[in-house]
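Next up: some structures, all given as structure tokens.
In the two complexes below, chain A is the common chain; its partner is chain B in one and chain C in the other.
And then the complex of A and B:
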């Protein structure tokens, strides 16, 4: 019984939150990795792209709510998601045409692109704060839990409860669908194949008649979708605050690098590695250990390795370890 | 001809802008902008060394600046005796053990042969060291933080003159930069950017959460000054007399006197650093650095140790940022960890370097002044503009209030636009590299 209780406590406080957070990071890291693979630079504006996409979703959700539209148990934000993606895609394509295209034509080195993306980040950040303000916004509605602690306890008779938030379930389901569609697209369609070819070897791709501008355009469209979905899911799960998205940049980049920059499978694996490490290192293990260990071994402290304030430190340390020992990442990077 | 006149013209422009501020707003405001401009110029000088001369991307300037600020606290604040008695020694011992375990692990990694045994040994050393550190330091930290938390609750500093903190701040930033450089230099250039972004977030997290070190979000206030206090000046008969002879009342005269004093101190630091940077740039060392930046492969083929040189200049540039950070905390006389925002302390400095002219030290200094001036003045101007734009709207309407509240965020937009336009149409900056 105690083992079961330990397992439930572990799932409730570590496994489920980490899977949800990992899915969000994976979606973010996929966006970073796609830009890196096709456009060949680290996009520092990605965090703020996520914030922008999420902001559009928040605004539309409010609009729908004021019209009295609702999805029943599911959050209304799901209805707003497609429009959010379209608006974000418009912004990214416009940015590309106005800003990045010039440097692409001049074949500027990746560092210049990176600095340009810092400028883009400034503008997007200002835009988001200007429109919605720097404060905390809530836009979640619908049913809060798929499984609540009380129901679970009544169902199983265990002392520990298990809760699965709707947003957590939704995050995982959406992430699986998005990733499946993305991989189908990259591996099976003509456009996806041309993207991979372009990422693999630009000159060869150009020789075989692939239109680079089209590849870039498609990439931005996909990145917009990924960023909006990731941003909206994160906002639903926690809450929407522009500044937090900037801080997500570090774990997102860490995920992409740990997995191998430019490698989509790696980005997903990296997202989960970072999320699980972050949650396990900052979780107070006492509750689980009380059940798992014999009575006389019961820990006196909280058994928390680091406080949650240091969660950046976790992604950073993993990043440093990977950079030191395996700079190309877990799954050899740079190939779509 | 035009090129030679560029620097004097632009500097005259900045001086004119400051004079305008002094005449139209107040001389106090002008001096406040001037002092922060000096500090910004030092920061952008440091970043210019890294980016302009060596082509290294540092996206963690905020962290190095904050370390300089911590130095000001650790050097200048009076030590808290009870806290030291309660657990100062134990905390230091714990930290020493932590550092030692990392050092031992590094040696073990180098000495032992690859294999399962080595991995196991590393895990045991690191995990053991971590727990030992926690066991020794945690109760001591609690004891220290419990001592009079409303006013102290930390170990305090050394109680030395605050000016010593400036070089010390540089040294602390240099240490952090060395660790980062060791891991990320020599890899792809983006990795350095991401690693510095990470370390700066961690430094801020440490300052916010380690109350025994920096009082965390309770802030350290009242850091001793290198200059006299206004109140004391206003009591000084000699000073009042001198002020009167200049036709100033004592209150205004004392505030101007203190600000001018800071200005002179900062200007001395800036001039020394600028002189050093100019000499370095024109020395064989500077030529080598630019050669490495322009063609790394060729430089390597000529037998230059590119990674070591990069590490060197990265550490130097970060040290300059640390010095600037210590100067800034001295000026504010307080350390407020929550005020360190990456947009303000990292990316704004980037705008300064790019706008001023990367690779040119004078350009970086100019950028520091100019961008700082704009950063300060864009906000009132934005509010004024918003007021004009929204004047046809009825008072109290949602749109009007929203737009006026949003005016404060206009400067992020303006700065981003500034950066992008500069990169697009004048990528060499206002004063280009020769």
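And then the complex of A and C:
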């Protein structure tokens, strides 16, 4: 038995990747949950909004790289992020004015909004592929690792190595900052409180003189920021491919629903629940178990419950279980 | 006789394109007074109040606030004109703290509203105690106090309450009525709809008994309580 090496292997292959992935899902789910809370519909276009935001960041990063601009050890994409957010905000606000406002005026039921967002999704999807193509794009630069396997082994003398990628560290740090700013905004500022009030009780918010169009506008701006940051971080960590963002819609929605739709704390918790489930179910545990168990118990198989091809099934199963037994989610959001 | 401060004058109307619910119905409240609308179930009490607040079409008649015709204003604009309205249901932000509820009540104000909040806490001391608690966690009577407090935050010139005592126990009801009298004593005229006709008429300066969307009896609270017809039909003898 070798607890220390087991822990290191576990951190390297399960905990660290899951925390990074969970942060990305949490940021995505926050966007979904805000739209649901304020505009009261499930925004199926969110995955492709993330793709659009990430695409702008990719293009700007390339431009900056061609100018020879760099951030040293950090990826240049960080510089492109603010502009990416502004462009995405422009797209979302334009979409809202051109499309969603019409249905808001007609007080359409949420299911109509959902179908409309599906249409918006296809348009954004096409837009992104038209501009950047369906292929895989790399835009990461800077230092690759914060801690590399070799450094870690040299440092600790352990047999197992542990690596922390720059993008993983960056993802977690950025997510923490973004979430902190978001919660400060929602809980401490007048505009943020009016958003919560509008989400809580629309009629009473109107009676209190809260302007719904302003609340909607601010919501789209925040959603643009969250989607762009989430999309860019995911693209940095893995790679940028439009279709992957469309697929991300499922775990992102699962996160938001598991946590409780409309509840920001729930979206974050849901993101980590989904990420850890996906990673633990699709990880081959043999390596960790060899260290953790007594010698005689050494497993002969890979100890992998599902291959990674099935990772989306994990989100689906959790989604179904939660909807069956606790439709309002872990943190009591609104029922669907 | 001079015109009352707030009057829904000979209102006829209903919801959307639906049939008329109110027929030539008049309700009004004078400065510094409490006016109560009572009547059997389905008499159009709440509808009359909503008509005054602009939540349904008034097809004939008019609503005037301080002499100004406000018949065509939206409810939001009426709030800006100084009308405070406490709906019967969903009248608080359940996921927000008591203090945040009051802050949202003062949303249209750009000046410093801490003094008004202090007054609300003075009127409803329990709210000061629970200011950091989520409003949704409070008891029925406390929720109603939050609701009234929220409406008071705009410093309304008139306060409209739609069945403030619906669903609370008799003891809490008595306390709420005491609080409402206190609010009225601060000089804010109150127009309210009440299910508990007897208690309501006891504190009312003016009472309106509605039947099927029409004014059936009108008088001071005491007159109506003494009226044998009213007693027989609405107050259980």
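We take it that the second predicted complex is superposed on the first by the 332 of 336 C-alpha atoms of A that agree within 3 Å, B and C clash if a C-alpha of one lies under 4 Å from a C-alpha of the other, contacts with A are read in each partner's own complex, and residues count from 1 in each chain.
Please note the rule applied: a contact is a pair of C-beta atoms (placed from the backbone, for glycine too) under 8 Å apart; a residue touches a chain by one contact, two chains touch by 3 or more.
Model, not experiment: these values are computed from the prediction.
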item	value
First (chain B), second (chain C), both or neither touched by A:120	first
Chain B versus chain C as contact partner of A:50, first or second or both or neither	neither
First, second, both or neither for A:203, with chain B first and chain C second	second
First, second, both or neither for A:275, with chain B first and chain C second	neither
Contacts of A:9 with chain B and chain C, given as first, second, both or neither	neither
First (chain B), second (chain C), both or neither touched by A:313	first
Chain B versus chain C as contact partner of A:193, first or second or both or neither	second
Chain B versus chain C as contact partner of A:215, first or second or both or neither	neither
For the chain A and chain C complex, residues of the former touching the latter	190, 193-194, 196-197, 199-201, 203-210
List of chain C residues in touch with chain A within their complex	75-76, 79-80, 85, 87, 90-96, 100, 103-105, 107-108, 150, 154
Of chain B, residues touching chain A in the complex	55, 57, 59, 130, 183-184, 187-191, 193-195, 197-199, 201-202, 205, 208-209, 342-343, 347, 350-351, 354, 405-406, 409-417, 419-420, 423-424, 427
Residues of chain A defined as touching chain B within the complex	41-42, 44, 99, 102, 110-112, 114-116, 118-127, 129-131, 133-134, 246-247, 249-250, 253-254, 257, 261, 305, 307, 309-310, 312-313, 315-316, 319-320, 323-324, 327
